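I've put the structures underneath this note.
First chain A sits with chain B, and in the next complex the same chain sits with chain C.
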Partner chain A sequence: MSENVSLVIVSHSPDVARGTADMVRQMVGDEVKVAHCGGNPEGGLGTDVQRILHAIEQAWSPRGVAILVDLGGAETNSEMAIEMLPEDRRGRVVLCNAPIVEGAIMAATEASGGASLAEVRATAEELSPVT
Partner chain B sequence: MSLDPSVLRSLIAVAAERVIASASELTALDQAIGDGDHGLNMKRGSAAVLAELDAIAAKPTGEALKAVGTTLVMKVGGASGPLYGSLFIAMGKQLGDRPASLAVLPELLAAGVTAVSARGKSTAGEKTMLDVLVPVLEAARTGGSDLGARLRKAASSAAAATVPIRATKGRAAFLGERSIGHMDPGARSSEIIIEALSHFLDG
Partner chain C sequence: MTTFLDPTPSPMPRKSVTASVRLRHEAGLHARPAVKLTKLAKKFSAKILVAMLPDGPWIDAKSIVKVIATKTPRNALLYFRAEGEDAEAAVLALVRLVEQDFADVG
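Here is the complex of A and B:
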């Protein structure tokens, strides 16, 4: 199980984060580790760098960790968390520019087949909205 | 301006208290074009800085600025945490172990603006805090007398100038044309912090 790329779900809402992780587990199974976090430091809607760091730690796989986020602050805080990781881990955690639920399921499906971190991200990002 | 520890302490305290006092105003601005959490987020971050003020003010100025930034990163809970956090961390890194003075202010602000721009993948003109910080940096570079008053004026007219901008970054970008006609909450919170700083430059 630790041989696969793992996932971290970061939403402003703890419920959305947990629900997305539940969907991934049900649809893809447990071959891909999924950690999730949501909510600001007081537990309200928002995101929290410390919780994101903790989720990355929980999900850690030597193959890498793909992060799926919902909105702006989740992205900025996740980028901050990645920069705060120890140097040897920083390069193995990436943010996917994809819708959180669909992207998570696509990423997990790809990861469950043993794909690399770059492949997992590319698959999730096929869903990126055209901007 | 020489920033001895007691001055730094009151500067941080005044800035944090002003942000806390403006929480409802920032929330109202953010409810118009964002998700309405800017006031509460900045209040939470500022309260965390005040709670650690003794420890922060005991550090050399560069380290103190970095500590303010780290506290904001950890406690704000929105995009503004890493954005303001990066601003102060970059200023602290730029200062290093030198004493803070008026002479290094433009250099510190420039490092801060670069960091915010990189963190937010943004430049001035996109209806963000950079629309205040960049003109303030220009005013600081110009230098001269009445610096405090001029920074205050630059910040206030720059914040007002975000009203007609159509947002292309941040949550407000989702609103497109409808973001026009509202002041950017991040620009306003930057103005509040610069205003607090400016009174210390007045001597």
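Here is the complex of A and C:
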């Protein structure tokens, strides 16, 4: 069986990141790999490029990785992490413009059926109001 | 009777299977049941539609966002309609999932 697209959850809060990943595992199951990170190296709220890179590494799937983020810095740091990836992986990691918890559940459900990275992202983003 | 709309009519009549089942789950078709239903539907190659009324509107049972958005309440009837090679198995499995109150299935 071919691998599924996997997820990375990036929140300013390590608790939110862990809780979101737990919800995915409990509600969708473990056929979709989920890595999570949150907090800055000093132990406060924030996000960290190195931690995001590590989470992408943990979750890595040749089918691709979809990243769910919460607020501003999580998004810019995730973009930076994607840019720092080796060239052959960069194109297979995408940011989803979706609410972090709901988007993660939708994305994981879609990914569990073997959907492509583009389909997984589209499903997560289907939730968001079109602006 | 409703007719299945297919923009590309095939020369052979395709098999369409329908069934309905009452949703007993306490919370209705909330997040977890919706995820289970969608995941199960995705295991089949058939096109699978679900509706709360016998005449639709029909939504794609493989779309988690659309299934969750129905907010189907407890005791509602769910209608399934599937078309394709494994349509019959798909409808049977989905009806069983709802009947068994979304207990863990494979």
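One rule holds in what follows: the second predicted complex is superposed on the first by the 126 of 131 C-alpha atoms of A that agree within 3 Å, B and C clash if a C-alpha of one lies under 4 Å from a C-alpha of the other, contacts with A are read in each partner's own complex, and residues count from 1 in each chain.
Keep in mind that, in the parts below, contacts are C-beta pairs under 8 Å (C-beta built on N, C-alpha and C of every residue); 3 or more make two chains touch, one makes a residue touch a chain.
Not measured: the values here are computed from a predicted model.
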### Task
Answer with clash or fit: chain B and chain C placed together on chain A by superposition.
fit
#### Entry: Touching partner for A:49 - first (chain B), second (chain C), both, neither
first
### Message
Once chain A of both complexes is superposed, is A:127 in touch with chain B (first), chain C (second), both, or neither?
### Response
second
### Message
According to the stated criteria, A:41 is in contact with first (chain B), second (chain C), both, or neither; which is it?
### Response
first
### Query
Touching A:118, do we find chain B (first), chain C (second), both, or neither?
neither
### Query
In the superposed arrangement, does A:77 touch chain B (first), chain C (second), both or neither?
first
### Message
Quick check for you: in the superposed arrangement, does A:27 touch first (chain B), second (chain C), both or neither?
### Response
second
### Task
On the superposed three-chain arrangement, identify whether chain B or chain C touches more chain A residues.
B
### Message
Once both structures are overlaid on their shared chain, how near does any Cα of chain B get to a Cα of chain C? Whole angstrom is fine.
### Response
26
### Query
Which of the residues in chain A come into contact with chain C in the complex?
27-29, 105-106, 109-110, 112-114, 123, 126-127
#### Entry: Residues on chain A engaged by chain B in the complex (per definition of touch)
12, 40-42, 44-50, 71-73, 75-77, 79-80
### Task
Show which residues of chain C lie in contact with chain A when the two form their complex.
31-32, 35, 38-39, 42-43, 62-65, 68
## Note on the structure
Residue positions on chain B within touch of chain A in the complex are 35, 37, 40-41, 44, 73-83, 85-86, 119-120, 170-171
